[in-house]
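My questions will all concern the structure given below.
Note that the chains take the letters A, B, C and D in the order they are written out, and that residue 1 is the start of every chain.
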Amino acid sequence: MTTPTASTISKSFYALIAGVGPGTGRAVALRFARAYPVVLLARKPESYEGIVAEIRRQGGEAVGVSADTSDAASVQSALEVVRREFAGKSDNGEGGKGLGLAVAVYNVGAGFGVKPFLETTVEELDASLAANARGLYNFAQATLPSLLESVPTSPHSPSLIISGATASVRGSARFGLFAAGKFAVRALGQSLAREFGPQGVHVAHVVLDGVIDIPRTKGYTVNEGKEDGKISADAIAESYWHLHTQHRSSFTHELDLRPYVEKF
Amino acid sequence: MTTPTASTISKSFYALIAGVGPGTGRAVALRFARAYPVVLLARKPESYEGIVAEIRRQGGEAVGVSADTSDAASVQSALEVVRREFAGKSDNGEGGKGLGLAVAVYNVGAGFGVKPFLETTVEELDASLAANARGLYNFAQATLPSLLESVPTSPHSPSLIISGATASVRGSARFGLFAAGKFAVRALGQSLAREFGPQGVHVAHVVLDGVIDIPRTKGYTVNEGKEDGKISADAIAESYWHLHTQHRSSFTHELDLRPYVEKF
Amino acid sequence: MTTPTASTISKSFYALIAGVGPGTGRAVALRFARAYPVVLLARKPESYEGIVAEIRRQGGEAVGVSADTSDAASVQSALEVVRREFAGKSDNGEGGKGLGLAVAVYNVGAGFGVKPFLETTVEELDASLAANARGLYNFAQATLPSLLESVPTSPHSPSLIISGATASVRGSARFGLFAAGKFAVRALGQSLAREFGPQGVHVAHVVLDGVIDIPRTKGYTVNEGKEDGKISADAIAESYWHLHTQHRSSFTHELDLRPYVEKF
Amino acid sequence: MTTPTASTISKSFYALIAGVGPGTGRAVALRFARAYPVVLLARKPESYEGIVAEIRRQGGEAVGVSADTSDAASVQSALEVVRREFAGKSDNGEGGKGLGLAVAVYNVGAGFGVKPFLETTVEELDASLAANARGLYNFAQATLPSLLESVPTSPHSPSLIISGATASVRGSARFGLFAAGKFAVRALGQSLAREFGPQGVHVAHVVLDGVIDIPRTKGYTVNEGKEDGKISADAIAESYWHLHTQHRSSFTHELDLRPYVEKF
């Protein structure tokens, strides 16, 4: 992997990644840290601290901020920290580093239980809708104004990249509550792409159609245990980087990513 | 229209329609009242009272119950009334009419404002998710056990029919909040179809792709004002009846309905 | 089943069904014969002779004509026979029965071999494209002018109904050649719906997503042999009739039909 | 643009691009020529001669071969030339350069006339099916064996990349014949992805949803003439390169590319 260096890291723009843990979020953070200072959002410091340290060891710039994206106030408060540290100026007028937002990645993964519909509760539905749809809503509200501001100056089109799942496009039996949240995310993403694309912001939705190869899934046997039968988080990060760097005459709104051996 | 008569109305099954007002809900209620006693759910009595009276005048049986489908307790309480009046027995063991549930229609229409994303509020998102997705969740939780019970005896496959919209399959610019709710409904519907279809319950989702010709839309000019340029509520009701009466070897899960002159 | 009688059969309109054999085509023919004189097209007389006799025994009117829909000249020549027998006047000016075309059903089933791509031949591809796509093309060219003529007077919107399959919407492994033909049919159908819908002709495409219960499939075990695990041809015919009778303010363009126990 | 040099061009693998002209094909050829010797297929030498010269001037390796992909014999004959020049050995056993096929791009653009269905001819339909579907069929038959052979040794997953269009996923009014061909291509592509993906070959389909900015479209005013309102061919080429280099645990099967200002 290319090591970020003072000369390759942008001094004008930063990246913001919500939903950082030891899997996709970490890989995406490391990938974007090769080009930008990165801000990592997670509910708990232990989710981002190790990644922040890892990026700094590699010569990159990173900072972590605690936030619960399903809570509008929490996101606003976290973004105030971000603006103070990175952006042009904070809410109380004090100057920051003057950086513009180049890319915001919404990668919040909501835990979910797959079970018979009649054994679920309305609280579980609400939790899925909040973690997925309301989380993206809050994140988009907090970042789109900054992304719009970056349009005239950003070397790549300012981007909002959203992680989806198989359940974003398919309501499987016993996956209804999870799918409800993921379909709602996709709806918002489509609508934002159509509203903000013409203003120069690239909104892309990625259907991660398979099990991602992360610490939590180490024990899972999928695709008959075949090599590369789980999606590499680094490979996801490369596709996110490609999306971010697409020319504005050629935006992808939606792509699927799945192992070569995955049934689809 | 065929007038319901004592001989044509089922003495063993009833229909339940949520989201009854002067438009689609009324037409669906009238259509199903030709075959079943019908229970109408709406938040306010003024939404169902006139329709109940209309059905009774035509020789049908109808009762209205107030309920807010987005509120689980409200739905449960309404369904207790329904069971007391129509079903085999009430929760406290007293006997009712002994009717089984033949068909449940979820036609709850959530008001929505189409506006730029950055002018929306998280409360509006939550309202869309609650009115659409949580409403269907509560309604499905309350009706699926009864529909399952009817499988062995119902002349037609017990059915859960869900009204959707263009926004169920397309997140248009400035329609994101509404689409989030409608996509989530579609996700739930797909998942329920896959879980309960094999148990004999027919779950169908209908994409109403156009403006419906109801009192509220009288003033709208759509499709250049052409005749039949708005969807007839009675025509919708006919398609719902067709869905309900499909043989179990030949279930439709999703169909679209739109005026002949509608762009799609 | 309702028996057609002199009083229930239209004296002004007829139905035309291409692709008639002992399965879906027969069921559709019988269903439409309850309302219209029917013309049956098949490549070989033995495919339609029994059905013509069956319809006549039940009091309906039917005639069979041999035609290969993949051959434009064959279709034109068959349609000349049809016009001479049924329509307003024949090509040489002699009067016929003066009937208008109410509905045309394209139900041509192309045999296909499911096999590894590298074992297929380009002739097999051409055969699939010809039987499916060119067949529909020829049939639509031959029938749309008549359907358009019927718009002002037909009690139901003149209809072109197209039988599709799972392979119309999904290119499964080793099904590529069949899917190529079926996707192409769906493309044509969509395009015709958008061009002719606003002129009053209802073009509908039906995804038959399962094995149909016909003589040829008697020996197939599908869906673990469960009762009603294959699609009833009569049930398909009911849905085709429903499509034909939809009000023009509420056309369905595409619906799926599958057994309650089918995976989807 | 990076200039290809002796050190950056593969000595073991080559790229094959069918459908080369002054637009997308040229851009894709130039992009892949930065990494591989390239073979360009087009019906007429004037379509590839200039591009071959351009690539050679930049230090790359290129050869053009005349072939009509809709004609199986023509493709086989062209591929024999390719094998003689590039591959391990020719059909008559003489040794070539011993190169393996890394990537095959099917970019054949079929001319088409958008017109009312009843003004089209069956010959035009056949031409669309031949140019699009049969062309891909012949190309895939000719290249998949070579791609499979490269699986164990190729640094990137051997890839078959297929150019699609809006008409690949939407049958618009008066576009039926073109859409029939493009839908059929998509069907084949899906089927090939599902059959050959698990064998290590990456089959991807790209929906080019907009007007491409090429010499032929210079005079078109699209998207109100806005800057970058047509898709940059170079940007398409970058996305094709990204698809080719995706890790096999993370294949994209289908992505869309469209200008930021395109309606969708």
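Details
Please note the rule applied: a residue touches a chain if its C-beta (ideal position, glycine included) is under 8 Å from a C-beta of that chain, and two chains touch if they have at least 3 such contacts.
Because the structure is predicted, anything quoted here is derived from the model rather than measured.
The chains that touch subunit A as well as subunit C are B, D. Centre-to-centre, using mean CA coordinates, subunit B is 32 Å away from subunit C.
Inter-chain spacing, taken between the CA centroids of subunit C and subunit D, is 36 Å. Taking the mean of the C-alpha atoms as each chain's centre, subunit B and subunit D sit 48 Å apart.
Annotation for subunit B: residues touching 2 or more other chains are 194. Because contacts link each chain to exactly two others and close back on themselves, their graph is best described as a ring.
Looking at which chains touch one another, you get A-B, A-D, B-C, C-D.
Listing the residues of subunit D that touch subunit C in their complex gives 72, 116-118, 122, 125-126, 129, 133-134, 137-138, 140-141, 144-145, 167, 170-177, 179-196. Across the complex, subunit B meets subunit C through its residues 157, 194, 197-198, 200, 202, 213, 228-232, 234-236, 238-239, 242, 245-262, 264.
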